[in-house]
Amino acid sequence: MQKTLVLGVIGADVHAVGNQILNYAFTDAGFHVVNLGVMVSQEEFIEAAIESAADAIIVSSLYGHGELDCQGLRDKCDEAGLKGILLYVGGNIVVGKQPFEEVRQRFLDMGFDRVFGPGTPPEAGIAALREDLADR
Amino acid sequence: MQLSNKKWDLDFFLAQRQEALSAWPTGAEVDLDEAIAYQAEIPGEKRFVTRLNEALAAGKTLIQPRAGVPLINEHIVLLGHLEQEGEADLLPTTIDSYTRLNRYEDAQRGIEESKVSGKAMLNGFPAVNHGVKGCRMVTSALKAPVQVRHGTPDARLLCEITLAGGFTSFEGGGISYNIPYAKAVPMQDTLLYWQYVDRLVGLYEERGISINREPFGPLTGTLVPPCISNAVAILEALLAAEQGVKNITVGYGQCGNLIQDVAAIRALEQQTKAYFARFGYTDVVVSTVLHQWMGGFPADEAKAFAVICWGSAVAALAQATKVIVKSPHEALGVPTMEANAAGLRATKQVIMMLADQAIADGERLQEEMAIIMAETDCILERALELGEGDWALGTVRGFEAGIIDIPFAPSRYNMGKIMPARDNNGAVRLLDTGLLPFTDKLKAFHQAKIAQRAQAEHRGVSFQMVIDDIYAISKGRLVGRPH
Amino acid sequence: MQLSNKKWDLDFFLAQRQEALSAWPTGAEVDLDEAIAYQAEIPGEKRFVTRLNEALAAGKTLIQPRAGVPLINEHIVLLGHLEQEGEADLLPTTIDSYTRLNRYEDAQRGIEESKVSGKAMLNGFPAVNHGVKGCRMVTSALKAPVQVRHGTPDARLLCEITLAGGFTSFEGGGISYNIPYAKAVPMQDTLLYWQYVDRLVGLYEERGISINREPFGPLTGTLVPPCISNAVAILEALLAAEQGVKNITVGYGQCGNLIQDVAAIRALEQQTKAYFARFGYTDVVVSTVLHQWMGGFPADEAKAFAVICWGSAVAALAQATKVIVKSPHEALGVPTMEANAAGLRATKQVIMMLADQAIADGERLQEEMAIIMAETDCILERALELGEGDWALGTVRGFEAGIIDIPFAPSRYNMGKIMPARDNNGAVRLLDTGLLPFTDKLKAFHQAKIAQRAQAEHRGVSFQMVIDDIYAISKGRLVGRPH
Amino acid sequence: MQKTLVLGVIGADVHAVGNQILNYAFTDAGFHVVNLGVMVSQEEFIEAAIESAADAIIVSSLYGHGELDCQGLRDKCDEAGLKGILLYVGGNIVVGKQPFEEVRQRFLDMGFDRVFGPGTPPEAGIAALREDLADR
């Protein structure tokens, strides 16, 4: 069965190029993509996921405020009845060049299932989605 | 309120001013008379206008980084490092993304969390929150002039505070700081916000304080054809001049093909001046800025240096008045001050090596300039027509009609119908000209260029080409060829 | 023995061979038949000639580092790193300075001390001491073809051992590896030594093994005017072709002015082919190499990247067949493999970004090419005259007469009368044309160019200008202006 | 009184440019310079110093073999009766980019009075000479 993804760029972030490519690549890979574009609030992600009965929420953050913007998203999902929904985040998710393993850990601790660093190609996301959604 | 390209009368401006200044408590710190007195004390060598005019006269290219961190002292250290170790001629203060969207509470949270965590939690300097006094601490601590660089659709308060704070140049415009930087702000609104900014700068001018203004040239930074960014720059220059701005730097983001880039800068300068002359703005000084490659960068630092240096070479060969510099950390995140200074030093070296070698002639250059100028004229003339002679209305209606269209822009007020791709020599052309008001000859030109590339690559014309081109430089080349 | 530009007869060559091979014990390892059989097994993609010819056909520019360390395993690791992490298309083996002067005992001491101290105590790979087997360990361990790069006046044994050792290209020539690299070796001697090398390469050719030869273009690397290095390259190419060499890469060291550099490479290619055609060497394949700036480098790594990248840009715009790459450590010492690879990656990025943008036309380019070609013709025609139709004799007598003269050379067989300096656009001109056989018009051209610069700098023409130019790039610019 | 310097590039080193500039700069600064040029052996330095009754020997080494080439020079000077003659070395005196303080120490241990790193301007050498030769 076709899996549904909610895709968007979180916060006050307007980086639109990667989002357009992810939309194209995920769709091309056979997913049903609900693309919210840029400047998406946590509430909008959750609303769209409920509405579309999504299997995963794919958050991009490029502009550096990812750490502030993503705080509490997992809790809000839980509260909204999206318990256990797959949560990915990727892009340039913190300010500056920081050791990626520490960054990954901080975002895992925030409740994300997978964390992808700068310049991750869409294929890596697709492979991970296939693996994580296989048995759902 | 009705938008039109007419100089605001002072009472109208002052009425608007109440609202603008009250958006955040620090607005109360601004006193125009005191601000003008303060600015009058800033010596020439610390003023943007002076340094740009000197460079123009000498045919030099100045170098300027982007940089901004949340806390005042750290920001001063950063800029000090960039002028000392980076040999920067001009300094920036890059504003954080919350401030850009007037989310001053969020910016405040970012300041606090940065203090607590010891890490920068904002991607820039929240100038509004730091207020006039905070800004003056910054601008007075440095030898070089400092400019505000941001991406703010409604920058009225930011402009008030930073000009009072001793900044001598202010980047942006109603188009260039809307379409690439916002999703849902009507064009009509941002044009009004920016008339405010330009009128404020005009007021400073009237009082003897010359402030430089700089439309943001690169727009989305991603395969923007020169005619689009040049048309936008000229529109914003015209709108600014009408409000009394007297010193304008028009900008362009490097596309990657040498001939096209030099042609674009030359065309931009010539056409800005030509439109100014035609519409009676005869006392505005025009300079140019080239932005080093604004799209996705390679993650490898050696390769990033290569992209930086090639951009520097183009700036020097085109004799741009200044060049905005990237750092070897570009692909990864906001650079450390050391990485930022390294990008600057590499740039300075290239600029100095090429200081005496402009590319001015050549048949291919002339041809490319002719193309860009013809395209730009098509867009501007049609906008003027749609605006019934009013550039402001023409801008709004032009975007509605898709006769100006910025690729990959997030704004819903942008048509999004054109699709750029590189030709076989790496120049940015249009795979789809959308609703651009081009002549048939120009349309055919683009079609032929793209077809030529497709043939060389033994593949059909498709969106895959565009994707390949978007990734190309970060993967180590200019044209995104198959495999 | 009498020098003349005639192909050596085989018996004469074989007689010389005894002496050459006996200079060091490893000479005994060389067996020509076995060596040719070994070379015949090396696949095309690991051969210089194949890779160069492919690049020529595709209009591509290949990248090649310099690199060599004293010990075999470390050398293999180094070259492996440069092809993997540096994306090098072609590999070098740079020979140490003792071997270059046939001081094999000293080289042996360097090998031993390197083993003991764990530090490289030699500035290159002592190929003669490592012998045929050691060389084969190196060449067989890598994917890319490997060339011998050195600076050896008498390279007979080195050539024997390295060709038997699986190298497929050999740099140098009787002029270019004498005058810049020696103090007291008569020109007559090195021309004979290099006839030997070329005859040996010719023998391999006759037996079906094509070996690339590359005259060393940059000479002293310091303000060498294009006509000098081009004349030397063409002389060495003619001498090599006479001995049976069939694949030649003529080289040029970047001077720094874009137009002059592109013109020099173009002129070099055209004139080499023209002289080959005129003298009946119709089956020799000619390719070109541009060396990134060969003079003093800036110590700062960011600035060094800038110099590297600008050299890469020139190589690409000139469509040189390959470019020899510097590292960000250049000013300080032999680079680490990481720094060397970084220089290569930066170069690759620039080359790829400019792959589709040659500069082929332009009036200034044509003018500059005409100047360089006229100067080069003056030198070569006069040499031919002095040699009474014999290029070898003409070379010896030409240097004696100072009609060929290499600036800043250590050799006492070089006249040392010419004095180069940059003109106001950074092109290298002659402040003093010495005894060069230029026409009055050409002399006046140089005088005018230097005078123009002096005027712009408000100072007289003097040696101080030359000193300023020598330091200029390392101090961050091209033209050494006062203060 | 005018001081005499013996100048040269040691060993198998042919880097001629810096030597020509040093010759020019030291002469310009008022020294009497005996310039031996490039490829100068230890013996040649010593011979020239004796012949010219030199106050100092200025060794350049650029090509990397400086460490091998300079070994024993001080002893040979002593043996030849040049006890206490001022010995300077400068240039790119070792192979590769090495921490300069360590390099300096190794050359001081070899008996050099002053050691100058890559790219030292002639002025630094002149200043040092003036200081060291003032009271001789």
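Order of writing sets the chain letters: A, B, C and D. Residues in each chain are counted from 1.
FYI, a contact is a pair of C-beta atoms (placed from the backbone, for glycine too) under 8 Å apart; a residue touches a chain by one contact, two chains touch by 3 or more.
As the structure is a prediction and not an experimental result, all values here were calculated from the model.
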| item | value |
| --- | --- |
| Separation of mean Cα positions, chain D and chain C [Å, integer] | 30 |
| Separation of chain B from chain D, taking each centre as the mean of its C-alpha atoms, in whole Å | 54 |
| Cα-centroid distance, chain A relative to chain D, in whole angstrom | 65 |
| Overall pattern in which the protein chains touch one another (line/ring/star/complete/other) | line |
| Each pair of chains that touches, named by its two labels | A-B, B-C, C-D |
| List of chain B residues in touch with chain A within their complex | 96-98, 100-101, 103, 106, 109-110, 113, 119-123, 151, 180-184, 220, 222, 295-296, 299, 329, 331-336, 339, 408-410, 463, 467, 470, 474 |
| Of all residues in chain C, those that touch chain B in their complex | 256-259, 298, 300-303, 305-307, 309-310, 312-313, 317, 341-350, 352-357, 359, 361-364, 424-426, 473, 476-479 |
| Interface residues, chain D side, partner chain C - complex | 11-14, 16-17, 20-21, 24, 37-39, 63-65, 67-68, 92, 94-98, 118-119 |
